[in-house]
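A, B and C label the chains in the order they appear, each numbered from 1.
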Amino acid sequence: MKPSLVVGGALTALLVGMALLSLVWTPYSPTGIDILHKLAPPSATHLLGSDSLGRDVLSMIMAGARNSIAVSVIAVAVGAGIGVPLGCLAAAKGGMVNEVTMRATDLAFAFPALLTAVMITALAGPGATNAMIAIGIFNIPVFTRVARGAAIVIWQRDFVMAARAVGKTRWAIAVGDVLPNIAAVLLVQMTIQFALGIIADAGLSYVGLGTQPPQPSWGRMLNDAQTYIFRAPLLAVFPGAAITLAVLGLNLLGDGLRDRLDPRLRGR
Amino acid sequence: MLPRLIGLLLTLLAASAVVFFVLEVLPGDPASVMLGTGAQADNLAALRHQMGLDQPAWWRYLAWIGHLATGDFGTSYTYSVPVADLIRERALVSVPLALMAITLSTAIAIPVGVAAAAWRGGPRDLGIMGVTQLGVAMPNFWLGILLILLFAVRLAWFPASGFAGWGAGPLPALRSLLLPALALALPQAAILSRVTRSAVLETLDEDYVRTARAKGLGPAAALWRHAVPNALIPVVTILGLQFSFLLAGTVIIENVFTLPGLGRLMLQAIAQRDLIVVQDLVVLLAASVILVNFAVDFVYLALDPRLRHGGAV
Amino acid sequence: MRGLSVAAALFLLPAMAQAKDTLSVGMVLEPPHLDVTAGAAAAIREVTYANLYEGLTRIDEKGEIRPGLAESWTVSEDGKAYTFKLRAGVLFHDGTPFDCDVVKFSYGRAAAADSVNAQKPLFAAIAKTECPDARTAVVMLSQPTASFLFNMGWADASMISPKSAATNKINPVGTGPFKFKNWAKGDRVELVRNPDYWGEKAKLSAVTFRFIADPTAATAAMLAGDVDAFPQFPAPEALDQFKADKRFTVNVGSTAGKIVMALNESRKPFDDVRVRRALAYAIDRKQYIDGILSGFGQPIGSHYMPGDLGYVDLVGAYPYDPAKARALLAEAGIKPGFTMTITTPPPGYARKGGEVIAALLEQVGITVKLAPMEWAQWLDIVFKQYNYDATLIAHVEPRDLGIYARDSYYFNYKNPEYRAIYDKYLAATDPAAQIALLGQLQRKLSDDEANVFISTLPKIGVWNARLRGMWGNLPVPSNDVTAAHWAE
């Protein structure tokens, strides 16, 4: 097995495991304040120290993983859920449908993604739900393009031609033959968008527009930490390391999956 | 060319309509923001009239677009000055920042990528690939915070935040842009060097490079004379994407370093419901994305004469 | 030769450091424009009051009236005619001379029908202004107004040159010791010394007001020395590091601000006094003050400032007692897991404070959602539409018990008994009776726990320890830097 798949899989499993564990157990309540013991350095009682309100940083990072995953998974679901059918439709129908879909994705790509996500969340009201939607919207054209591109190739293949020759409907072919054959490409794209979603969510939370307190989020932890950067510099290190490791894991997993599932892309 | 230009204009028009009507339905009245808690009903009505907010939405949209077409960006609700002036002031921060970042990123990425390709499979290549993998995963704003931690807090070589302004000459201004530019550039450089490496590797496998090698050209010469120039097309594509990303995507870095750039202007304008500034900015940035992509197509032509004769990219 | 230049450098450097005569002042909010007679925003005053614009009288750091552009005045026996002796040789920054016609113009403009002056009612008492000669202004009032001289010291009563009145918003022209140089929107306003000032010239050659709303950025800018002073520092929770650092002075002054968790009493279950009391028992004011205000607030038990006329100490009415809170909630039929939304405007006492309140309410089985809002939205959704559960907010108007007697106000406290006491208070003329009624009002509010009363809002300033002449208190919104200078 490729090392990227192993390392990526392990990091991703760690991330997901930490998030799941946080549902039932964290060392302390991630929202529990303890003003008397604020800004404590890492120690046996607080493995990663405590923040400006005395909350346990490790517990916050664990709960933050959960919130970060929730935002990016739903954003991917929004993107794939709308984008893949659109892309498949464009590939299957061709003609005007294809043209309109492609121009619409062009329009979407003209909006700088992060800045527009910032605008949407700032205007519609900051919060996890709006962050999911804002990031999800920008996943739609990505999945539309990828699904369409992959599907068009499949539509040219002999077995599809054969299926059409025997009178199978377009709809049946799209669902029964094309979709299974582009699933691998989509899965790889999903891990990539998942990773990008984690970065985007952290960025939105950093400027105060993502997951709202009291729910912890990695981006907000970084913002808080910056206020205390002279007194407790480590506070700025742990959440950033968590984001980087999560994204690194997902990227490696994506690379590994691509190599494994799609031999033609190997070595790129 | 003409159909593309028309398409470009239609895209911009659609983008402007989307932005305008999205802003229209969201809560927050610019006039009441300006008058605050003590606002009296008659004051409010007078101000709304003065600002033209008592006109119907479609009329204001048409008026806005009409003025944009003649190059008039309108007047900021909040500051009562031309929006164009506001944007120009902020662009003097964001554009140099994006340019610095893209220059740094290119200057780092191309040599690194080419070197990794030349050392293909070796320990040095693996090392570079490992570091770039990490760089891709690192959010630029966290890198920014780490740079502040090291260079501003520990070493005190650079200011932790803020922009010195161009008034005191270029050096203080560039100094205050250096850390943010680095924070933006390094993750981009990681991506770009990976792209450069694989593009160079691909061209190294091409027949003409093999032929050149067979004719006795040294490996270094083959690399620099044949492989690298031909690998530039994907690199330029990514550069184009990165430039739009940098110009628009600096909003978070501007917050990390408290720079008065376009991203912060937008956040401020949203907070104050200075909607015309928000509209103008989004349309302007969308236009710049489209134009950069347009420009990238031209660069392709310059780089690859084959494309001039109807070839597809 | 080299030795000499090193010596010269060593000699010159400290000399240059001493010669610092510029000041960079941090502010949280940026003014929307710079015409102090045409807007309510405190930020306009914080840049321009006393620095750029001046009125006939002025208010000093202690809140006392001082002569401004009028060097002296006399009041007629019926209290209706004020005769001001105007200073000689005063010029506006654009060269226009200041005389009685300017007074007539300024007051007339503020009182006019189309006036956008935020304090228009202050000028309603003025019947007319007469000019017997250029250096004498006689202001006739329609009725005696005891606070008239104080009112004319407000920024809204500044003297405005007729020539520049229309353009003051972007290019302000006043008579003050500083004049306008430049405004980089969203970033800074720069003022420079007015060499032709009529009085003692400013010690600083230039003042820059920088707008930094983000607490993190404000902290960084102070620590890095990018900003010399932050008279209203936005990150009180981060003050410890300034207190510990000899380079900085931390000044704690008072404001009239009362931090409360306002409850929307037209919404269930906040109409139930048991629920409001439960919330009061559930909130540990000490933790809030230590965590959010670095210990610099005083707990309050009603909507009244300690030290104000007729103050009654009601802080002990609802001591921190989670068990009691849970019992009261159960009695009111509130089940554990009840969810409420707290709306938080931008300042740290609300944004960061919300996290503390949420954690404390979680202890009594209430799940809190925090909804951050920009001021624009807050004004619209909370203040205008009353569409909220609870909000953290500081009421900064002095002695504003009257807001609980209004027909319609955003927290919807409608209590006939309270209103009856308030009407009695308004009608009372005997000071002793007034004080007694003020006490009754505070007790009534505390008994009903109309809102959850939390803490006073301190005015926390942080500035460079070598900086002198900054105001410690803020009787009026201002950053008067006319006397600011650097110590040797």
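Rule of thumb we're sticking to: a contact is a pair of C-beta atoms (placed from the backbone, for glycine too) under 8 Å apart; a residue touches a chain by one contact, two chains touch by 3 or more.
These numbers come from a predicted model, not from an experiment.
Relative to chain C, the most remote chain by averaged C-alpha coordinates is A. Across A-C and A-B, the chain pair carrying more C-beta contacts is A-B.
Centre to centre, using the average C-alpha position, chain B and chain C are separated by 39 Å.
Centre-to-centre, using mean CA coordinates, chain A is 44 Å away from chain C. In this assembly, the C-alpha centroid of chain A lies 22 Å from the C-alpha centroid of chain B.
Contacts with at least two other chains are made by residues 122, 226, 229-230 of chain A.
Those residues of chain B in touch with two or more other chains are numbered 28, 148, 160, 255, 270-271.
Each of residues 220, 223, 374, 377 in chain C touches at least two other chains. Chain B makes touch with chain A in their complex at residues 7, 11-12, 14-15, 18, 22-23, 26, 28, 133-134, 136-139, 141-142, 145-146, 148-149, 153, 160, 198, 244-245, 247-249, 251-252, 255-256, 263, 266-267, 270-271, 278, 282, 285-286, 289-290.
In the complex of the two chains, the chain A residues touching chain B come out as 103, 106-107, 109-116, 118-120, 122-124, 195, 199, 202-203, 206-207, 222, 225-226, 229-230, 233, 236-237, 239-240, 243-245, 247-248, 251-252, 268. Residues of chain C that touch chain B in their complex: 30, 32-33, 39-41, 114, 116, 118, 169-170, 184-187, 210, 212, 214, 217, 220-221, 223-224, 226, 346, 374-377, 379-381, 383-384.
Note for the complex: chain C touches chain A at residues 215-216, 219-220, 223, 235, 237-238, 240-241, 287, 290-291, 352, 354-356, 358-360, 362, 368-374, 377. In the complex of the two chains, the chain A residues touching chain C come out as 29, 31-33, 35, 38, 52-54, 122, 125-127, 208, 212-214, 223-224, 226-231.
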